[in-house]
Structure formats: structure tokens, C-alpha cells
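Have a look at the structure that comes next, please.
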Amino acid sequence: MTGYDEMRGDGPVVRDLYAGVGAWLDAMPPALLSRRRAEAEFIFRRTGITFAVYEEGGDPDRLIPFDIIPRLIDAREWDFLHRGLAQRVRALNAFLADAYGSRDFLRAGRIPEHLVTRNPEFVPYMNGFAVPGGCYTHVAGIDVVRTARDEFHVLEDNCRVPSGVAYMLEDREVMMRLFPELFGAYRVRPVSHYPEELLRTLQSVAPRNCDGDPVVVLLSPGQFNSAYYEHSFLADEMGIELVEGADLLVRDGLVCMRTTRGLRRVDVVYRRIDDAYLDPLAFRPDSALGVPGLMAAYRAGNVTIANAPGAGIADDKAVYCHVPEMIRFFLGEEPTLQNVPTWQCSLEDERAYVLEHLADLVVKSVHGSGGYGMLVGPHATRAEREEFAARIRATPGRYIAQPTLALSTCPTFVGDTVVPRHVDLRPYVLCGRSSDPASIDVRMVAGGLTRVALPAGSLVVNSSQGGGTKDTWVVDGPAGEEG
Amino acid sequence: MLLSRTADNLFWMARYIERAESTARLLDVGRRMASVVTEPDAAASEWASTIDAAGCEATFASAHDIHTAGNVIDHLVRDVRNPSSIFASLAVVRQNARVVRTALSQDVWDAVNGMWIESQAWRDDDFTVAGLPRILDWVKERSQRFGGAVANTMLRSEAYWWVRLGTFLERAENSARIVDVKYHVLIPRPPGEAGPLDEYQWGAVLRAVSAYRAYHWVYRDRLDPVRVAELMILRPEMPRSLVSCIAQVTYYLERIASDGSHAPDGGASPVRADLAPERGEVSRRPLAISRAIEDGLRTATIERIYGEGLHEFLTRFIGTMNSIGHEIRREYLLGE
Amino acid sequence: MRLRIHHATTYEYASPVDTATQVVRLTPRNDFGQVMLNWEVRASATLGDPSDAGRPRVPIRAQLVATEDGYGNRVHLLSVASPHRSTRLVAGGVVETSHALAEANGGTTDLPLSYWLRETPHARAASTIQQFIDSSGFRPEEESDWTPSEHVLERMMHDVRARIDFTVGATHVLTTADEAMARGAGVCQDHAHALIAVARALGIPARYVSGYMWPGHDHVVNASHAWVDLHVPGRGWMAFDPANDCRPGDAYVRVAIGLDYFDASPTRGVRQGTAIGERMDVQVEIYPVDPGPLPQGAGISGQV
């Protein structure tokens, strides 16, 4: 399947946007590109930017492959994306506030009630609680794919603990070190201020009773987590403490960290652990992990947890179908960014269609992530399709299906040649307290993380499935190009 | 202000690298002693006292029957079931360093990580009496490189103080252990009665702490057992003497206990007073012990120490180092 | 009826525990037709051997902070910060109850009915309960749009009770509904879990309720109680007490509701440090008082 070629557009010639990259590639012998790629890898390894795989046979020091050809987005395209992303994230937060509050959206029949009330990610502890600043998804990662010159679709919303932003930042660092001359050919919008923006966002949602500068910490599961590098990187860049559950405790209703100078109050917990491990007194009774009493301290208004517990009800793939309706309902606007058409296997006629067309569709598990538990129909064997059909019949509510999209491609250096490979884009959208209490403050740095499927023809970009990353450039080019 | 867990990791990283070096130095004494005795029983007894001095009697007994050179080298160098063995220590060092990597300079990390990677390259035939000197030199050299990287590249902030505190507390304890291996030969002799073997043994103790030449610089005389003990315990110009080590421990405990006005964040991190009840008196407990020991050593004479009994004195000193470690944990590392 | 309640929970350890954090639900709800006239929750902790009467007990600071959970239950967070060998929680006060409790409406919780169909690991219809349902005939197969009558629900409660003998010590807090029914023995928590599992499997929304019951004679009851709310279309929420095989009335005081025991349990906590030889003692006294004028200083207070 061939998708929209972001370098050449639909025609045989290179788009003006990519002219600089084209000229640069023409002037670069493959041997030199290879050498630069090796240098990039050396830098990544030396800095310790790894995505550890701790399962049996996994490599604790595995690198995510990095492609040295940048992916370009022009200002007009980015403005469009920015508008659509901000709109979508506002609607998702409004939906969450509603789902844990007055539930008007449910009562109006805009979403089947059980998708909220019986969602495994629904956290009853959040019911009737007004979160600080009205923010639930302080960091949202919205996965966007491009299918034509002016067609972008949202593939997935990540409202819990989206990761990967460290790669966005490190990819840019490495590119600026290796290819300063290419930056001379473009006006690339910066991304390096992301940690400051994140810190500002987190501080903005500090509890009302916080006195002085809010103390923010990053709560990590520890060094055996695959994203540990990112946790320590972000904590370092923000100048905040990187803590684990045992470093925190609740005393007199306040969350404190243990330091060499005694207990110190914590105002905002930027957590990179799942809900179930936050507090053994509020979640799994059998779990010894987490900070006992954290949720009670949260509800008492003494600490802010980001992202908010229970935000996961907004990002499963069955709820996804209803996001355009959220935009209309809560914002009174038409969605700027479209969803990918989605069939819900829980509905009888849609299920029948899916089972009939398995060979053309992508089937995903409603609560799955990371590219696990999914079937790419056109690439699957007959046996795999039959196995999936059986699973769908057994538990239809757990699956949705989408058409196999022709994801756009970007020039990618594979082996020793430059070839087109499918890409997606994960921009990181930050939500903080707004001076207008009825609203939230949405901000983002230009671009995001471009993920690229390295095997020829592959549409799976997830890093856990062998995907790589690219630096993403939002370019303020000469205006009026391409018309 | 540091997270207690971070301070704990830095402290133990430094302690274990120092422990690895000290174990190497103890083995060096044992090797030199065993090489000059002729009867196998005497050699075994030299190796046995090395195990005792390292405080590894119990783990050794559960792993081996007899104190052969091979068994002792295996146990103290590479047996990971012995938590004090050199290789087990290096594993702990790297594990701790990995967790606090962002608190370390790149050079310190490289020193630790490089040591770990190289430790994987030793082969079976290196763990023999013949191969031992090379391993011991490697450990000492690598540990020195770590110390150099810490001294030359780490920011003078609380993280640095914790690394230094770990180093000197461990060194104080281990210097005492090294003297204790041979306390029974360090007994006063009338001049002329000491044989060449005695002199050799005294020399071995000094060489183990790289102080053979230092002795002659300080005393400008032939070896005398009481002076060997004095140099190792009371002489402030001797960097591994007990008094020097404890003076460093005191210094870094003072830094850590200071009210934060020397902290890199200028003390701008107020601890809620109501959450940290009455820390004043209590928080200086480890410091108070350390100061008392230091004052005692500065005014002590070697005659008084011999009056108490050298072994008894050293045992008491090692016990006190343990209580300082215990108090440090209680005051700072639990974070309350 | 006006009921006075005194509920004391004591934990003792053979060796000191470093710190403890507990979530405490010991404040009656001020809704469902019951009115809390006065109430207070207190906590204390001591160091020193509790069994050694001669030695002084050193008081240790035990702090309570009041908050609320997502069901509208009043929650206190208890933290004991230093080593201690005993903790004591005392809750008590006066509550005005009403007969309307059998119809358990009027609660401030607004979670949709479908929420109360969620399965939980402890109140779930696994094989034993599924078999029980299959052989019960509660739900006629031919009726696709079935609404259970109050009578059917009472039979359901009766049958659950008949399958599980009231036996103290046969189960523990982590026992599931299915295990209790397979064993044929349990306490009020198990009866409640079993009835909830049966009801939800049949599409009937169900809530776990924890609280107190005045048995009508004795004052000292030694335990708090647990029962169930079931929802009947057209009638609303109705209370059922499967452990006693009866319908709750004004002898019942509601403290907390939730999906199962873990949402509504009076106390749930973690300790640091080895808790050797833990002993927990619960004492509940409950008795009716004159519905005369209120005692001096009466008022609604969750905490002192």
C-alpha cells in the first residue's frame, strides 16, 4: 500500500518544502550518511537514551532506532494541526469533568452510559471531585496520521501517561549536532523549551492551599521501567526531584518526600505510573506499591496528581468514536481533525461487516496500547484472521476495526539507501490552569514525535514493535509556496 | 536538600568502592605474609587471619572448609555470595550509581561503569596466587580513578559530601581492620630482639596502606612495631590513619548538618517546621560521636592505646564506626 | 429511632510498628433518611508494651484528616508517624434513624445505575454462584424484559443465606463471594458479597453497605455490620440484610456504601515495619436513647 509521499506530494517532483532536504540528500554520499547515523547511535548510547525491554531475552540497553532524515511540516499544516489538537484536548477534558461530575453528556444520550460507568479505567474515587484548574490530561499525546496532502486523522488519544517526549527533545539535539548545515536551510521552530512549558503547566495546577513556589515531583516506577530514561531526563530538565513510591508518604493529610533535611511537602505529583499503583488504600488491595493515603490527600485538596486518576476513560478506542460528538456537545464546534472511520464490534451490524471484511481492516483491542493485541488484516495470515474472528465473536465489546489507512511516507535512510517509509505523529498537548475558571490553558511546542515503521510496507510504528523515530521540524518557510 | 534515597545511594556507592579497595589491600597483606612462611600450616593461618580481618568468617565457613590461598582468593575476590567480596562490592557500586546517575558527573559514571565492564573480563586463571597482584593493582588503580573523578569533577554540593562521607567512614573502619590483622605482631620489643621475619611483617602492614616509605619519612629510623601502630592510628599526616579518616568524616558530617546556608539552593527549600519535630539536637548525633572520637584520637598517645590493648582498642573503634553509620541512617537516610 | 453508638477499634503489636496509615470510614452518612445528631471520631496511639500494666504508655501523635470519597462516604485519613505498639480508634455519637431505610433512596450519590452492575474480584459470579443462579429459577427464561419483584429479591436473599451458614472464622477479608458459597460458611461480609454477585449477574444494580445494627436486646455487639441495597425499577433502592435474612428498618445505621467491602470497609490500612503478633479488637455498643431534647453541645461534627 502506498500512502501520500510527504516529500514528493502526489507528483514526480520534490515539494518546495522538501527542496532543501532533497538537495542535502543529493549532496550526501550514502557512506557519509551511514557514518553520521553511526555517530548518532553512539551519542544515544553514551547518553543512555534507551528503551529498555525487561522481558525474558529483552535488551535492557536497547536503542530505539533513529532516522537521520527529518520530517518536515510547514507552518500552514501545523497551524491546522494546532487548532485541531487544542480543540480535541479541550473537549476531552470537558468530557472527563462531565463524566466524573454532572454527566450531562451521558444523560443526553451522546455516548452509551456503560462506556463510562463500566469502563475498567473509571475511578469511582474521582466522582464528584472538582480537579484543580479543571485539568485532567495535563499531558496528552494525540496520535495523528496523514493520508493525503490536506488530510489528517486522529488515530488514538493518550490521556494517561503518554511517553516519548524525551525522544522528541533528544532527536533535535542530535540533529543539531550532526547536521548544523541543514538547519541553515530552514527556519525550524524550537522544541527545547518543552520542559519549561511542562513545569509551568504543572505548577499552574498546584492546590489552592500551596504556599510559596509549588514543589513538583516526578513519580516513576523506578529504573526497571522501560521509560526510566525519559523520567530522569525530564526531572533533570525541569529541575525537580525524581521520586519513587517509597520516597513519598502522607502525613497529616499532606504528601511529603523524605529528604536529608526531613520531610518536605509536595504540591504536585507528575506521575508516570498507572492508576492502579498510585495508592494501595484506594486501588488494588493486594498491591504494596504506591503511596498509602495519596488519593485521600488528593481529595482533601492538599496535592494535585497529573494526569488525573481516571483520565483513561477518555482514551479507549470505544470512547474514541464519540470524541467528535464531545467537540460538538461541549464546545459547540465542528471537529477540525477527523477521526478514522471506526466500526464497533459491539454493534451487531458493524460486527457483521468487520467479520466479512477482516482481510481489509485493522482490528484493535479497545483497551490495548503499544500495538499489542492488534490485527493488520492485509498483512495477516488466514489462520491469524480466523483466530481474531473467533475472539471478536467471543467478546465483541473488546474490539473495534478501522480501514487499513494508507499512512503517509517520508524519506528514510534504511540500510544504505533512502526509501519512503510510513510515519505518524505524536504531538504533546499540555493543559494547565487558565485565568478564566471556565476554561483551561492549552499549549504545545511545535511538532511532536514522528514515529516511523522501518520495515518496507509496515504500518506499525510503535517502538515496542520495532518502530523508529525522526526529528520533526515545523518550518516557517518562504510563504506562499505550493499555493 | 537531597532525597534521602539519593543520599543513601551515593553514600553506599562510595562505601562499596572503598570496601573493594580495602579488601584488595587486606589481601595484599595476606599475600605478602603467606609468601614468607614455609610451613603450610603457617600459610593457612595467614590466610585465615585475612578472612577474619575482612569480617568474612561466617560466609567463608559456609563456602569452604580450609584456608587455602585459592579458597581465600576466590571468596574475597569474586564470590558474589560474599557481599564483601570485591566483585560483589563492584556490583553494588554500579547498581547504586545507576540509580543516581544524574547526580554524578559523566567522569564519575565512566569510572564506575568502566570498572564494572572491565571486571567482566577477568578469567579463571587470574584468580590464583600468581594472578592476584595484577587484580589487586587493578582494583586499587580503578578505585583511585573514581576518587580522582569525584575530587576533580563533582560539584561541591550535598551529593559530593555524601560520596565523601561514605568513602572516609568506610576507610576509617578498614584501616582499623588492616592493623587488626597483625595486631599480635605489633607488640613492643626491646631493640635488637626482633628478627627479620618480624620486620617483614611490620613492613607488610605498611605496604598494604602504601605507607612503607611514609614511615621512613616520618620516623627516619628502622621499623618499630609501636611506631607502625602509631603511624596508622594517630599521625594526622598519614592519610589513611584513623585520625585522618575520622577528621574527614567529621568535616563532611558538619557540612551535611549545616543549616543549609552552604547548600547549593541557598537553603531556599524550607522544611515545614511542624513536620520535622525538634531536629536540632538530634540531627547532630552522628556528628557528635564523630567529633568525640576525633578529639580523643588527637589527644591520645600510643602508650595509652597499648595500655587498653591494641586489639581491644581497634575492636571498639570499629564498633563506633558502625554506630556512626547507624546514626547517619537514622538521622538522614530514613528522611523523617 | 434514636440510637447511640460507641465503636472502639484497638490494634496491638508484639513489637513496635514504625508508621501506619489508615483510611477510616466510621462516620454515618447524613442522608438516606437518617440524620446524624452528633458524632465524633478520635484516634490515639501509644508506645510501650500494652500488656504490661506497670509501665507507662507513652502517647504518640495520631492525626486524623477528614475528607470524602466518590460515593459521598465520610473518610478520615489516619497517620501515625512514629513507632508505636498500639492504635485506638474511637467513633461514636447519636443518629436518628427512620423506617424508610428499607427503601434506601435519598442518598447523595448520583452514580448511574449501570455503575452498580460492575463486577469486582470479590463480588463476582464465578462458577459456584453461577450454578446457584442457574438452579434458582429467579429469572424466568421466557421473559426477556424481566423486572424482579420485591418478593423474588427476598427469596434471593433467603436462598443466599441458606447456602452460607453464619460462621465466624471460616472466612477472612479477602475471601471471595464464590469461595464463601463453595465453603457454605461465612460472615455478613460474605453474605453481602454473595447476594451482590447474584444480583449483578442477573442485571440488578447492587450496593454494599457497611454500618451498624441494633439487635434489639444486647448493647454490646462486637462488630459492625454489612448488608446490601438492590435496585428495583419503579421502586428504587431497597435494603436487604442477607446475614439476618431480613429487611433493614430503623435499627440500622448506614455508614458507607460501595461496590464491595474494599470500597466501604470501616478501616483499611498499611503499616511500615514488621507487625509481629498483631491483635485487633473491635467493640461496638449500640442502644436506643430517649428521643427527647438533644444532649448539650449536640450538632453534626465529623471530627474533633
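As written, the chains take the letters A, B and C, and residue 1 is the first residue of each chain.
Please note the rule applied: a residue touches a chain if its C-beta (ideal position, glycine included) is under 8 Å from a C-beta of that chain, and two chains touch if they have at least 3 such contacts.
Here the structure is a predicted model, which means the values were calculated and not measured.
Note on connectivity: the fewest chain-to-chain touch steps from chain A to chain B number 1.
Each chain gets a centre from the mean of its Cα atoms; the one farthest from the centre of chain B is C.
Averaging Cα coordinates per chain and for the whole protein, the chain whose average falls nearest the overall one is A.
The distance from the centre of chain A to the centre of chain B, with each centre set as the mean of the Cα atoms, comes to 49 Å.
Taking each chain's centre as the average of its CA atoms, chain B and chain C sit 58 Å apart. Centre-to-centre separation between chain A and chain C, using Cα means, comes to 41 Å.
Residue positions of chain A touching 2 or more other chains, listed in rising order: 251-252. Contact with two or more other chains is made by residues 81 of chain C. Across the assembly, chain B contributes 336 as residues in contact with two or more other chains. Listing the residues of chain C that touch chain A in their complex gives 19, 21-23, 63, 65-72, 75, 77, 79, 81, 109-112, 114-115, 117-118, 174, 258-259, 262-263, 268-270. Listing the residues of chain B that touch chain A in their complex gives 1-5, 7, 98-99, 101-102, 158, 162, 256, 260, 269-272, 275-276, 279, 332-336.
Per the touch definition, chain A reaches chain B in the complex via residues 48, 212, 223, 232, 235-236, 241-244, 246-247, 251-252, 254, 256-265. Chain A meets chain C in the complex at residues 100, 103, 106, 113-114, 117-118, 122-129, 249-253, 280-282, 285-286, 288, 292-293, 296-297, 299-300.
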